[in-house]
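Before any comments, here is the structure.
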Amino acid sequence: MRDTIFAKCDSEFVAAAIKKKKRLDGRRFDELRSIELHFGSDFGCAYVTLGETKVLAQISCELSEPRNVRKNEGNLFVNVEIHDMVCGVFETGHHAHLAVHTNRLIEKCIKDSRCVDLEALCIVSEEQAWEIRVDVSVLNYDGNLVTCCSLAALAALAHFKTPHVTIENSEIRIDSIKEHEPEPLSLHHYPILVAFAIFGENDDILLDPTELEEKVCESELVIGMNSFNELCGMHFSGRTTSNRLLIVNASRQASLVAGELVKLVKTKLEIDNETRRKNRGKSEGLVSAIHTDRILSASQDRSTLRVTQREIEETARSFLEDRQKMKVSEVESDSTQIPEPSEDMDTEEMRPVFRKDQKRGVEVPPMSSFGQDWAPSGNRNAWTLPNATLSDAESDDDEDDVDFVKTITDEDRIIDRIELNDSEEEHDTIVLQPKELK
Amino acid sequence: MIDNEEIEDMLREIRKNEKDAGKRISLADLAPQGQKSVSLYERKKREMANRRGRTDGRKDDDHRPMFIQLGTVSDARGSCYVEIGDTKVVVSIRGPKEIPNLKEYTEMCEIECLIEYAPFANSPTTNEGYMCHAVRQALEPAICRHEFPNFQIAVSAFVIEDRGSVLSAIINGASLALTHARLPCFGIVSSVIAAVCDDRILMDPEYEEEAYCQAAGKADSCGLVTLSYMPDMEQITFYEQNGYLAEPLKMVEPLVKKCQEIHKICIQHALKEAKSSVNVLAATQDATNSVKSLKV
Amino acid sequence: MDLAAEPCFNQPEEVCKKINPKKYLKDHLSQGVRPKDNRRLFSYRSVVGNVNFIKNCCGSSIVKIGSTTVICGIKNEVTSPSKRFQNKGLLDIDCKLSDHCNVSLNHKNRVVLLKQCVSLLQKLFIGLKIVDLESLCIAKGELVWLLKADIVCLDYDGGFWDAAVMALHLALSSTKLPVIEYSPENERFVLQENTLVDLPVGKFPLATSFGVFQDFVFTDPSFEEEQLCSSFFVVVVQDNAVKITQKRGGYPISDVKLMECINVAASRYKIMEDVIRAILENR
Amino acid sequence: MDLEVESDDFVGWTGRPIKCEINVLSKPEGSCIFSQGGTVVMAALYGPHEIKHGKIQTEETPAFQMSYRSKKGPPSNESRSLEELIKTACESVVFTRTFARHELTLVVQEMQNCGGILSCAINAGCLAMINSGVDMQHLVLAVTACLTNDNRIVVDPDESQLKSAKMSMEVAFDSELFNVIMVNSQGTSSVEEYQNTIGKCRESARILKEYFKSVVKKYAEALL
């Protein structure tokens, strides 16, 4: 599938919305998408979903000689893997850039900020030391890969435990988990990268941009903060800005977000240790990441822009009906932007222009919905199980969707009958089934 | 039950082992204490000097027993398996085919040669590139190349074991394979290699003798002579000697005589094979006739 | 001598074979006969073998199934063992098609064919312990035998896997390793002169590969048949115990046919064991 | 969809509990996360897309690309052989003739491996294909079974059982006549035991087919 190309009108539309202090998926500017963090059953495995961006991090360790540059230190190796299909196979430039860019940022955040205490990894100086390998594989990309990867890597590092090592007369033996409790890694601090997209003249700072916003924004700012509000990395790219306050506001927001995320990691870690203590070190791991109670239809909870032809007609039709009913003219002004809610959307009493339709992929929230605080993604407008109480609107159009399709017989598969002159005998040409040709 | 880590771990170990080849313990240095470790060179030098006979009891000018079998490779146009003592070689000929991306009109047919050593055979004394060149030169006069313009004949040889005089085995094998491939030739080429030391001519040298002559220095005045000869036309198709020899041209006479002997053996085998294939053709011919007569 | 090489179209059979090889094969199989040498569906080509004919290898063998010839040579070396398995020797298996064989095999499926064959041999000989690696150990943790087994195919006419398994087994059971002991006085390992000990090897595993073409299954496919088969079903049997079965995708075959193949393979084991014993005897 | 809690027609399933969720990712056409007991696999199918420039589609180039990505470090031999097995199992399912000069790419990511990863991956691949709507000849249902030392057949064993088993087998069936598409077995077993194991695998494949149908039904209802 080709990479989704963002048309010019898309970007203008987004910029216009931003100017009006609105984001397409209804979030406020300083709001993260929904986050899910799950730990795997083996140590050092973390699966993070940030809205639609999904990342899996896995830590593995190996005994090897330390580098001769640093004799008594272990080694840390970080590698971000993006399969070329994840972000469009033809965006070779973009893909290579994205992978290299994220790889460099994560390495700066984890390795160069020395958050892992490497001396503790050394067993026999100059001979044997642990070499930790962090493998981050990106499952799905929808913007803000940086925060997702750094969160996953950090959670995996916190969750990882190296097996206990006993040394008898210079012979190193690795004990299995049954004999000795494995020891966790010692982490100095918990760095997290927070990404911002910067828009427009008055430099609006958007936290946690989606892929669309990332493509359209003028410049990107990535700030590495840890839970003690120390800055441990910054990356600014794109159009220059003279507004010094921008960086200060962004970093203040970043420290809030970083604190929140680290708290999330710690609580999840606590829950995981609890379950392991309960059933003797075993945990269900990533199986809990599977939500069997919901099905994401087009899995684009906030795909306001991905509107199919059918939806546009239906919404237009229902929109016209409402207008005839009310015979009020003031709705005239916004008939042009059919999918986009009207300007004066802040006023509460503005009754909903479109019926909030459960079934379709498109989520066109009514005006009042902006007031509510943001519920985690995937639950609110995702389709609940059929046995849940269905509103009557859906039940009526269930009957007419199964219509009788003509059955194809051999008869109409014959393309044409060739009338041969009487010298050759009659020939029927039959189209061969692909299976017979196998 | 199968645990894959064991296999994986073993493969990693083998790869690591290949990498640091320097540290490897070779079998030689495990030799028992009694035998003074003497380099091959001195050992052979002493033997050459005392003129008693050769290590494997042969006289100076007799040739190791030769085994020839034609038609061993089914999908080649012509093939032959040659054994000289312990040296084993399989030669196959791929019929005249177009030369890929041909530049200009080549009037005479080209011979493309490829020699491949088995991974378990010991390393070749003379390098393969040189041997390919030698085989091409030896065969060029024998084949009627003017009949296949813009074509090439592919000669590929596979050396199973190398116990000396591989080149002569390949040339003999190739010319016999040509007859088996029914390609027009002027005659069957037979070739022989001799190691010359001071005035001793050692016909069909052993692997060590060959290695010694290769490594011999200026003072020892010994070297290797290879000659390939076409008795039907009494022509020498390939003559080559290297090393430090006293009177170079003296060696040609005995070698030519030896080539004629080998030629007799090759002729016998070629005739035997031709006769048998004629019988086969005759048999299939009257089989098809009988089937046809049955039908009518 | 391969007369069919030239595109002579005088015989009608040749014409049909060139135009629609699939139909040509299908008609033959429906009559229960094979195109080239009209064998039955479940009949085998003749098997010829010889052992220990290369002097500078500690074990060698040649196996000829029909016109597929495979040579296996084993060289022995001495190395230090891996840290995790201190008392285990090392066996390195490698398959190779010499440039000698059928040139028309396009390169890609040659590579895949070899990789799968090597993984099968490793699974069989090391995984299922037909060769006991502990017996390759000279001194635990210090010195261990490394056997380099190279399998080269000289002439390819289908059935490479069966020949490779048989060649490797013959070569391994014919290997002779010198005895190496640690002599305390000059504190190094010494190789005892002319004391050659046989390598203990398990029973002979018989691998038979079945070609699957549409819904026909037949044994020991030759090269032309192999090119038309959608997939292969390999069964490794050791006196009516099924060791390894592999069928990699392609046309699905019914359960009945699957079991029929396994019974055919198991019933052939007896005969092949005598063949192997005969080959090993007259070395 | 939780398996053992669902309606009674899965009562015959003796294997580990199965959970799966369809359409998890937004980028690929079809995706699913599938778990059998502790083994969790995520499969994503990128629909018929043009072949990357440079690779012309000759007769043999399959219109089906497969990449299995283990989560620990560089791809090892084992993950490469797994990749081949999954590719052969899933390839015979897709009607590749329908889209010319295009190819399907199936990416399977190992999330958690507690034994029986091959059959879990094949089932996940099949579900991803169903979800993507590409036209398939039949479903592919994979079952792992092993024969313990006291000749008991265990369907869908976990890691410890697999290690101590006498013989382990992975079989992929097609969903029409339950013929064998792919079989990969190792270890010693007599011919009868082998036959019984395949029979047992076939039964559990039938139950698995019911489970697949119920998942698709639920998904289709939700979609309409």
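A, B, C and D are the chain letters, set down in written order, and residue numbers restart from 1 in every chain.
Note that a residue touches a chain if its C-beta (ideal position, glycine included) is under 8 Å from a C-beta of that chain, and two chains touch if they have at least 3 such contacts.
All of these numbers come straight from a predicted model, not from anything done at the bench.
> More C-beta pairs touching across which pair, C-D or A-D?
Of C-D and A-D, it is A-D that has more C-beta pairs in contact.
> Sort the other chains by how far their Cα centres are from that of subunit A and give me the top one.
That would be chain B.
> Determine the centre-to-centre distance between subunit C and subunit D, using the mean Cα coordinates as centres, and give it in whole Å.
Going by mean C-alpha positions, subunit C sits 30 Å from subunit D.
> Suppose each chain is reduced to the average of its Cα coordinates; what separation in Å results between subunit A and subunit D?
So the centroids are 25 Å from each other.
> For subunit A and subunit C, let me know how many angstrom lie between their CA-based centres, rounded off.
49
> Taking the mean of the C-alpha atoms as each chain's centre, how many Å separate subunit B from subunit C?
28
> Where in subunit D do residues touch two or more of the other chains?
Answer for subunit D, listing residues that touch two or more other chains: 77, 167, 186-187.
> Could you list the positions in subunit B whose residues touch two or more of the other chains?
Subunit B, residues with two or more chain partners: 2-4.
> Residues of subunit C that touch two or more other chains: which are they?
Each of 123, 127-128, 251 in subunit C touches at least two other chains.
> Can you list the subunit D residues touching subunit B in their complex?
76-78, 162-168, 186-187
> List the residues on subunit C that touch subunit D in their complex, please.
Within the complex, subunit C touches subunit D at residues 106, 108-109, 112, 116, 119, 123, 127-128, 231, 233, 238, 240-255, 258-259, 262-263, 266.
> Taking the complex as given, what residues does subunit D use to touch subunit C?
Residues 60, 77, 81, 84-85, 87-89, 91-92, 167, 169, 173-174, 177-191, 194-195, 198-199, 202.
> Would you mind writing out the residues of subunit D in touch with subunit A in their complex?
Residues 1-2, 19-29, 33, 35, 38, 40, 42, 44, 46-47, 49-50, 52, 67, 69, 71-73, 95, 97, 105, 107, 109, 111-112, 114, 137, 218-219, 221-224 of subunit D touch subunit A in their complex.
> Report the residues of subunit B in contact with subunit D in the complex, numbered from low to high.
1-4, 8, 11
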